[in-house]
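One structure coming up, written as structure tokens, with questions to follow.
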């Protein structure tokens, strides 16, 4: 089934029937290896919508400012951030039309540019063909290997959305996802404290504090970020690895119990800091400590806003132990 | 800091061995009262803890803990009423969740678990309070200074 | 000033000589493949295998953040202590787009108003460029600044040719530097010069530019930031400002005093006009609350105001803003549509 | 079969060989193999521990180290005094960090907790009741033991496990499983006088006479113990004690708890060293086993 | 820039001994914003406070920091002081240099350094302080008293007599409590019932007192002046309006079970009045044992009742009451003497507790006051009293003295002697503690006039021998073992906290000590208040107390409640949460974590004209815990008096 075609038809109907005022989807630009977000209001514009293995962006990030009711094209993974926004009262269920798309996985940001088999300039199109990703170039067709997909796609359990109003791409509706695999986290955990510090300070020496991670995050909906606050000034203008790291820890802590590991932050980061490791670590702990998997149940209370009497005691603290 | 103070400080530093800086957030109902009782009971403990009195362990914003580490704390202690004993009935349960996660994150970036403690200490547990401070101080002395600034390259 | 030939085998010796002129800065490939300019690298760590670094070199002249001075309150005012001058810099491997970006910065920081911090660093620096043989499809430096055919901004430009580099001194300083190490350089032969011309031609051909920049100043005057064009244009933007943070020609900064009320320091750091707080004033008034308005601001500054006031477009066609934009916004596409846009008058 | 290291100690290797024998047999029947600690040495009870603290740790400490080397995680001693010394040594190593760091490497102990020390009584009491009950072959109805624990099996409380320091019950419960009817009495942990056995025999005899009287008053027809020192006082010295108080009632047989258990588990009477007892246990056993003879006692 | 004044107190030598206060003041002069610093012997004294007032005027100070004792002691003192100079009390900040510095640090140099640090932090916080004000809140002038023993009755009567309504909740079927169980009272030997019963009746008759017996407090919400209490009135199975208390029902009831009131020494029926003088003197059906409820048979009581007052299908009634103050008077439990297994294995019919003794010697008790051995009904000839059973015994987790046992044991020896002039009466004691008016004289009388034989020493073992109990102990004065063959042994069981005290503490949000007794706000200066406003303690729920002490503390707690009711209105807490609505994104995190439902969502207009929801705090309801401030990711909701900025500044100052 041609998902793009299916999507265009659905979008056109929704807009022309007035079911939604706007639709957030993907469109092609000048370069065949990039897709851009498209926010359309006119049924005629629906013709520009596409869904391909380059549909990387999590479009939920654009939902807050869009004209409501808004239709939003979501992959199973993006859906989870939408569920979180519902949980956190950032949008009413009635204001959003969930256009779910089954997805076999999307490509990493630099997968096409670093492929030795062809040059970016040769790329003509990128298509999904029966669950495989194919690149059509002037020098032939190439199938992309699995490790060219985003990390989250390789352990994906939500190929089909589990909550939607329209399902694009057919197939069975998905099931509510279990906790993700938190790839890479364990390797860091195994390091010594000194190695961890060195690793992160090295990574954050690259950070230019552009805040793209924050801006691209669908869950960073605060009217004004604490990192921008002056009273108190949590983060100073000094861009050094330590300050960068601590500035980041604020976001990571704030993501705990909310972050659905969509990977937008890491994707948006221009300098390639493996941010997902940090967010996945927080998600992993929330899941292990409190059994909570965010972005699944729109009615559930986010993990940090509730508690259970039998929550584990902080490890290495005394708890009830006598000295 | 004035020049004279600075000079004096370096002199002092040379005179004494390195002393860890520990920031302690104490809930006013239980742990701060416990610390007061340690005083009235004349229980001596290391002078390394700098106490910030908060109404409840649930008031402690993890950002404050991060700030303490950022500004050079070698350890941070948050102490509140025992579970079930919170003056506000549930603040410490929220604190436990928040700080449990924070602790894991700190560990993940290389801050040893001994440097961050969440403790339950009631108004009557003066001895326990003193013991906790003594233990943390000892552990941190063993670990040495955290000061991430100096650890830029490992 | 004459072009010379530097055999590949002599590159190390030359770089070692250059180290005596200041701190050598060159591109280094890190473990995870990330390429960035690093100070004082071992020769073995220097890479020449890169399209371009993610971060342009402007950070060495206008750092992400720098302490301008320390201060302390005293009896009748402040004691101020300025930061000490730094070592001169020798930056090797700079793409022309980034070198040209410095020309834009020069106009901002060493023109009518002189910023001592920037000017001092710039004055002492030696920029050695490496010709870009395989531009990215998003590059348009030739279209906007004619950099392939009329290189500028660097002191020396190296063209990689068979067996070594053709070194083209673009400034007198560059010529002098080459002259200082005559032993290492040879006269180029015709074959090499021909290869260079072919290389330039090929690089020019690899770029595409779909905008006539000369029409832009008028158009910006015509269509105000409040136009629906700009509103729609901004809708797909996340306001991250990667476009300006990675831009070799952007120069906005912010200043912050970090103080305990008694002593402290004044810090200057990068800022982006795409940040919703960038133009916000005390009292909450924001002249550019919408993303489209901020896009208008950025682009009109680069393509209309700058040519008018500084005689230069503040864009060097490096393509970073297209490649690293989380939404892959395409500045040329926007400008093209902008030029074509006709406002429907009600 | 579960393997547990077994420290016999001097009594069981000599004077109280019947205890040793009964313990090994009973344990085997219950699925526990007692593996004798290789090259064991004196536990340090009697005078050893009161003269030199370090020696008092090193003597049992060597045993602990050996057990660790044998690759076993638990060691048991049938003798209450041996058990007490092993437990105490562990405790001192836990408390006295300085001594621990000095002695442990030498003794081959990796951590004071590396080996669990249990009394033989505790080892058997920890077997699920149903499991023991299922293996009882001879019900010892008519046996009315006064279970006598003495001072070392349940004390110091906190060190020796869950036994109540004033009213231990493990042996009583075990006896009940065999079909015997342990009597309720109040002198389970009374002193037997062992420490004064040689120096002030007069006191010891008076104490023993009282213990036996109390047991008899409570309705007991025998006394059961876990400790060779207690046993010596109750059995060997009973004739003397009787003279002191001019006792006219018949003598009170004394047993080790494992002897009773072995009998109930179907070990033939002849295999157990009852002939080594001073007080004749024959009539009582005849009475009890006769009663259950029909159920295949001997 | 604030103008901060710093004052360092010597507290006599308490601080000065280990802290160089002059050096601290000197250091403070260099802290940001500090324009004046001084040290003085006693800052809390009048001259000390005047020093602050003078400095405020002279140096135009607008923030005051005092480094002295713990703020829990003198913060209010100094807040009142700065208010005299028209400064907002929240412009005052305190550094704890005594409890947390000088008393816990012996090295003068280190203590001084720590003190400087503490003052630096207080200065930093003060620099960011804002003026805070209270709001007026109404006070519900009605009190709840939990527990209907002598303490609860006294507190209720005192409040009712002052003209305010009181709800008295008692979980037993009658009020009266422990005192109703006692025979005589020391040191006057008054009959306990004779002095208690009139009070019980008075409480029942007082129109301002509503008594709910056979009822329990199930939930407490709200805060000082404005509590909302849920009370479960357990089904009595009796229509109280019809019942005349004639007693036919319990005469005829066929079921007999041990009577809790008699401490198991006597029996009662399934339908019963716990004791003859009960208030209300109307029965209750124990559904756990009543045949009608357990087997579905019987029904005699209903048949016999002339008033047709027995209602088998009556259900529990749950009522809610609004009250302004709560007095906790839940009393104590008796130590479980069975834990002493060396005493005859824990239990023996002729070994009784002191409270059982009271019932056995009481004229209205099961034996009509004839003291007999429970085992065989024989008159005891040798009676041994053992003190400190479950008191002053670390091994049992009861290292404290129960305070009442020495006196009641002396009383009991006198009562025994009065009945049995020829009996031998022994008392084993550790120490005799008789601090109280006429107490020591009373005890001497027991020994000298009533010939009780006091033996100093503990009992190591009790065991039955024949029909006697052999008590083995030691006389530590004579230094020899003692063995007594007793007919009756009375164990002076210690007092301990109610088994469910911890649950009640949680419900009320008050603290308990390590033994689960309720904690007072200050051991000396606020002995009947708890740390939670509006909740007071009376009687032995706080610590073992005798009757006069219970009554005194009950009247004291009543006075505290009345002091509250005397105010026209209540000032709300100024340190409450506050929302910066312009920055709130309405995620409701604060609302989710607020334990007081003080946060609501309100619609406001956007700058762009749209409607959005933001959080708003009701400052009257907010109790200032700050859970919301820590939950708000954007830092939009903050806690006044402990703002994010203030804490951040303290952190910064701590690490300079």
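By letter and in written order, the chains are A, B, C, D and E; residue numbering begins at 1 in each of them.
Methods note: a residue touches a chain if its C-beta (ideal position, glycine included) is under 8 Å from a C-beta of that chain, and two chains touch if they have at least 3 such contacts.
Since the model is a prediction, treat every value here as computed from it, not as a measurement.
> If you walk touching chains, what's the least steps from chain D to chain E?
The fewest touching-chain steps linking chain D to chain E number 1.
> I want to compare two interfaces, B-E and C-E. Which one has more contacting C-beta pairs?
Between the two chain pairs, B-E has more contacting C-beta pairs.
> Please flag the chain sitting at the greatest distance from chain E, going by CA centroids.
Here the answer is chain C, farthest from chain E.
> If you average the Cα atoms per chain, which one ends up farthest from chain D?
C
> Find me the chain with the mean Cα position closest to the mean of all the protein Cα atoms on display.
B
> Between chain C and chain E, what distance separates the C-alpha centroids? Give it in angstrom.
Chain centres of chain C and chain E, defined by C-alpha means, are spaced 73 Å apart.
> Averaged over CA atoms, how far is the centre of chain A from the centre of chain E? Could you give it in whole Å?
Here the centre of chain E sits 54 Å away from the centre of chain A.
> Can you compute the centre-to-centre distance for chain A and chain D, using the mean CA position of each chain? Integer Å is fine.
Taking the mean C-alpha position of each chain, the two centres sit 69 Å apart.
> Taking each residue of chain D in turn, which ones touch at least two of the other chains?
Correct list: empty.
> What are the residues of chain C that contact at least two other chains?
Correct list: empty.
> Return the residues of chain B touching two or more other chains; collapse runs of consecutive numbers into ranges.
Residues 1-2, 62-63, 67, 84, 90, 94, 98 of chain B touch two or more partner chains.
> Inside the complex, what are the residues of chain E that reach chain C?
Touch residues, chain E against chain C: 1, 30-33, 124, 127, 582, 652-653, 656.
> Would you mind writing out the residues of chain E in touch with chain A in their complex?
582-589, 592-593, 613, 631, 633-636, 644-645, 648-649
> Hey, which residues of chain B end up touching chain A in the complex?
So the residues of chain B touching chain A come out as 62-63, 66-67, 69-70, 82-84, 90, 93-94, 96-105, 107-114, 117-120, 128, 131-132, 135, 148-149, 151-154.
> Enumerate the contact residues on chain A facing chain C in the complex.
29-31, 34-39, 57, 61-62, 65-66, 113-114, 119-121, 206, 208-212, 214-216, 224, 228, 233, 236-240, 264, 267-268, 270-272, 274
> Show which residues of chain A lie in contact with chain E when the two form their complex.
Going through chain A, the ones touching chain E are 88-90, 221-226, 229, 231-232, 234, 254, 301-302, 304-306.
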